[in-house]
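Going by the order they are written in, the chains are A, B, C and D; count residues from 1 in each one.
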Amino acid sequence: MQYFSNAGGAVVVRRMIETIRAHKDYLGEIDGRIGDGDHGINMSKGFTLAGERIGPADGFSSSIRILSQVLLLEIGGSMGPLYGSFFKAFFKLSKDTEKITAPLFLAMLESGTAVVKELGGAEVGDKTLVDTLTPAIAAFKEALANDRSFQDALVACVKAAAAGKDSTKEMLAKIGRSARLGERSRGVLDAGAVSSFLILDAMAQQISEIMQSD
Amino acid sequence: MQYFSNAGGAVVVRRMIETIRAHKDYLGEIDGRIGDGDHGINMSKGFTLAGERIGPADGFSSSIRILSQVLLLEIGGSMGPLYGSFFKAFFKLSKDTEKITAPLFLAMLESGTAVVKELGGAEVGDKTLVDTLTPAIAAFKEALANDRSFQDALVACVKAAAAGKDSTKEMLAKIGRSARLGERSRGVLDAGAVSSFLILDAMAQQISEIMQSD
Amino acid sequence: MQRIINNPDNLVDEMVAGFSLAHSDLIAPTANPRVLKYKAAPVPGKVGVVTGGGSGHKPAFIGYLGRNMLDAVAVGEIFSSPTAKSFYDAIKAADAGRGVAVLYGNYSGDNMNVKMARGEADDDGIVVKTVVANDDVASAPVTERHKRRGVAGEVLMWKVGGAKAALGGSLDEVIAVAQKAIDQTRSVGIGLTPCTIPAVGKPNFTIAPGTMEVGIGHHGEPGIRVEALKSADEMAKLCLDLILPDLPFAGGDEVVVLVSGLGATPVSELYVFYRKVAEILGAKNIRVVRPYVGNYFTSLEMTGVTLTLMKLDAELKALIELPADAVAFKQF
Amino acid sequence: MQRIINNPDNLVDEMVAGFSLAHSDLIAPTANPRVLKYKAAPVPGKVGVVTGGGSGHKPAFIGYLGRNMLDAVAVGEIFSSPTAKSFYDAIKAADAGRGVAVLYGNYSGDNMNVKMARGEADDDGIVVKTVVANDDVASAPVTERHKRRGVAGEVLMWKVGGAKAALGGSLDEVIAVAQKAIDQTRSVGIGLTPCTIPAVGKPNFTIAPGTMEVGIGHHGEPGIRVEALKSADEMAKLCLDLILPDLPFAGGDEVVVLVSGLGATPVSELYVFYRKVAEILGAKNIRVVRPYVGNYFTSLEMTGVTLTLMKLDAELKALIELPADAVAFKQF
């Protein structure tokens, strides 16, 4: 069965951090079209801070906890509580486990997304990160149900995440700052949908690189 | 001896008004380079108001009194008191005289300019309307001393006024808003010097047109 | 970007530091650099009144800390909700044992962060109740008022809630009257030029010269429509046409009017605008009991104006009239 | 031009009308539409305190009408001195028989119009004395102080003069202390973007992006030099380097600091600037007794800041500390 090592998994978190930092301006630009343009700044600030605090002794769980705490305690905005709670679920479910397998990863995704939906009140179709996360989880789950490998499930997951993210383009925003733009919110991707795609993609790529089997 | 009729002299004031109105934007532009850009507005507003109040029964003296009062009472700025007092001198000296001759016109110019200098404290070389008025008066006076006609004296006066106005271009401003620009005030005409040239020129042209002899 | 800043990342911290230094007669810092409090808070025996929000709306939010107004404020990044921790710390800084009213604006970040802060405060046994301002008529139809944003009407909500708390009201009473205040309040804004978040470095939206955006949000969220730029008088009429039928306000009503600039509009122009507002209300026999005109709730250097009306009853009127002493709201 | 105006020619009248409507608790109109007065003026037994100037500097000048401040103000067109008649009418509106102090700024139009107004008042037997503010260090060398412009330091001169009059001072005492106030006051401004007189329709000067104009005047008069745009901290240092040696201010001094925005600069940035000013003064052992930070004296929608310092003695300190109630200056 495929897994990745919790002890060696800090790189997964680091990979997310790099990706968000690299896309700071892009995320700001997308948010700027129908929001207030600060999504890149908010995200990059939190992820950078977390990056500075993750030490050589940290594994996946403790690294993602650091990220979660920075977001929750020091970032604010919408993304602080949403992503903070999202990653907190990853920490909670993985903290006592050394081998992170596909079913555990699925559970983390599901739990994190449930908290995001509960806290923010967003459903699929509202033009938020939920539109990326929900189909991504479904694809991952389906792959597992079809006895595909962790690796394959990640590929399916990212593919669905990309489609989910793209689906926000033609949606009418129903939540957040752009919620009342009506028709004017169409034709533009949602910033949170994009950042959550980037996060899933970065995780999947890095997990693939450190994937082990037993 | 040449003269113009006080009773028929409202046209002289009207001609000034037209000229100032026609040069509103130009005066603003010049003032804008080293001042605050409102000279055209200030002047045009006062002259326009006066134009509306001058009636068919008004002659030169009563018309110029209306102009003087509007400037003094309703315009403010620097130009209100300076031109207001300037024209008040014209009214005072001409009010009891029907035939306005060259010596009387000279006396009005001299008295008006003296008030301007007293009130504003400007001397030749300070880059103000005094740089137009002073040589213009000297030229008018010299023409009379040489037994030239009112008509000829006016031509000499306007020529000297033009030269005086142009002389402000290379001056360092020493008074008013641009006074402390130092070198930066060089290379630009002074707005008041230009407007006073326009006023003298308009008066001279109109007086020539209604000039009579006895 | 022609701004008076150092590193944009430090802007909020330096602004808070400067504010604390300048107003130490009224304001005190707390252990959390993103929470400021009224010097006398927690005021013994008084319900605490708290708010918070993104920075860039000076004098909101910290300018309303003071006597008979707010006890503590959570400070966010420019246009970004404060952290849950800051809201939580603000609640603690304001709590004198009679509970804390968090009176804030309807933005998803603020909703979430207040919710999480409230959860923490619950664990400490601090009773927290909230009122969510949603006075911006342009941000959703009246049938979906819960979706509307909170804008300059928040100032009046704080005034009323702060006054009720100062007069000894219980938490439930403070909450009830703050809720009534915002329910009776309607606002709308017009944007004329955009603003730039310093860390972003360029405006994230545009308003074409010669046009105006009606119903613009306080963070540059696009308005309900873009129109050709109108005269001040027409803008006043247009704003009232959106506000008056919404509550509705009617002849015989007594109102508070608040005209706030969005930051860069010369205050003279706000008075030109107010003149017409007063004239129209007068013609409709709506009596302005108290007008406020100035920069009460801004959006960095955006140009434009917001108009807010609150319909008064005897209770609201008395609470509005109570003296207050905050940096940006001195009434005696 | 993205402005909230009607016909630009009516801007000042409409602004005055809106202001009178909004602040009828404190302000009263007079027969001259270009003169506003403190409602209680002329205050029996008190020396009248008057000022006036061009419009476009909101809240100056009319925002300082009120209790223990100004009694009457002459209102000019945008950036243009009021008429002599308006100054004269303001003097009459303020006169309670003990004479009138006209405390105004050093601009040639104002000098001339006040001079002519004073002539008229003399004929009526009203004793008028004047103090001409010249606090702007950038506008002439210290050896030619009489040529310097008056800028935001005027607010402190009005505060001091208004307080002295309110405390029963004679005309000579009011004049003496207002003169001392301005003699002890130094200001300098930095401009970052230009402004547009609405009737002109376009800026009459430019400040290239990435540069700043040090020593800019309140009407956009060019400064003493143009430099590359600096950080807020460097701007603060630069302003103090111009101001401190000019008086000079020295360790052990007690000062009032007034930081005013020029109109469009977000107030948050004024606090960032003030933070550094306070730090530098602290390091030099110059004690800030009272800081004022806000839009006290603006230039339409210009972006930038002015810094003003006044050195206190016991008399000035007491007068600064006296409560005051004006639209733009409430101190209790």
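Things to note:
Criterion: a residue touches a chain if its C-beta (ideal position, glycine included) is under 8 Å from a C-beta of that chain, and two chains touch if they have at least 3 such contacts.
Quick caveat: nothing in here was measured; it's all calculated off a predicted structure.
The minimum number of touch steps linking chain B to chain C comes to 2. Touching chain A and chain C at once is no chain at all. If each chain is reduced to the centroid of its CA atoms, chain A and chain B end up 76 Å from each other.
Separating the CA-averaged centres of chain A and chain D is a span of 55 Å.
Rounded to whole angstrom units, the spacing between the C-alpha centres of chain C and chain D is 29.
Each chain gets one centre point, the mean of its Cα atoms, and the points for chain B and chain D are 33 Å apart.
Multi-chain contact residues, meaning those touching two or more other chains, do not occur anywhere in chain B.
Under the stated contact rule, the graph of chain-to-chain touches is a line, running from one end chain to the other without closing. Under the contact rule defined at the top, the touching pairs of chains are A-C, B-D, C-D.
Chain D contributes residues 1-6, 11-12, 14-19, 21-22, 55-56, 58-59, 192-193, 207, 209, 212, 229, 231-233, 235, 263-275, 278, 291-293, 295, 298, 300-301, 303-305, 325, 330-332 to its touches with chain C in the complex. Chain A makes touch with chain C in their complex at residues 28, 31-38, 40-42, 45, 72-82, 119-120, 175-181, 184. Residues of chain C that touch chain A in their complex: 9, 54, 76-86, 107-109, 112-113, 115-116, 138-140, 147, 197, 199-200, 204-205, 217, 219-222.
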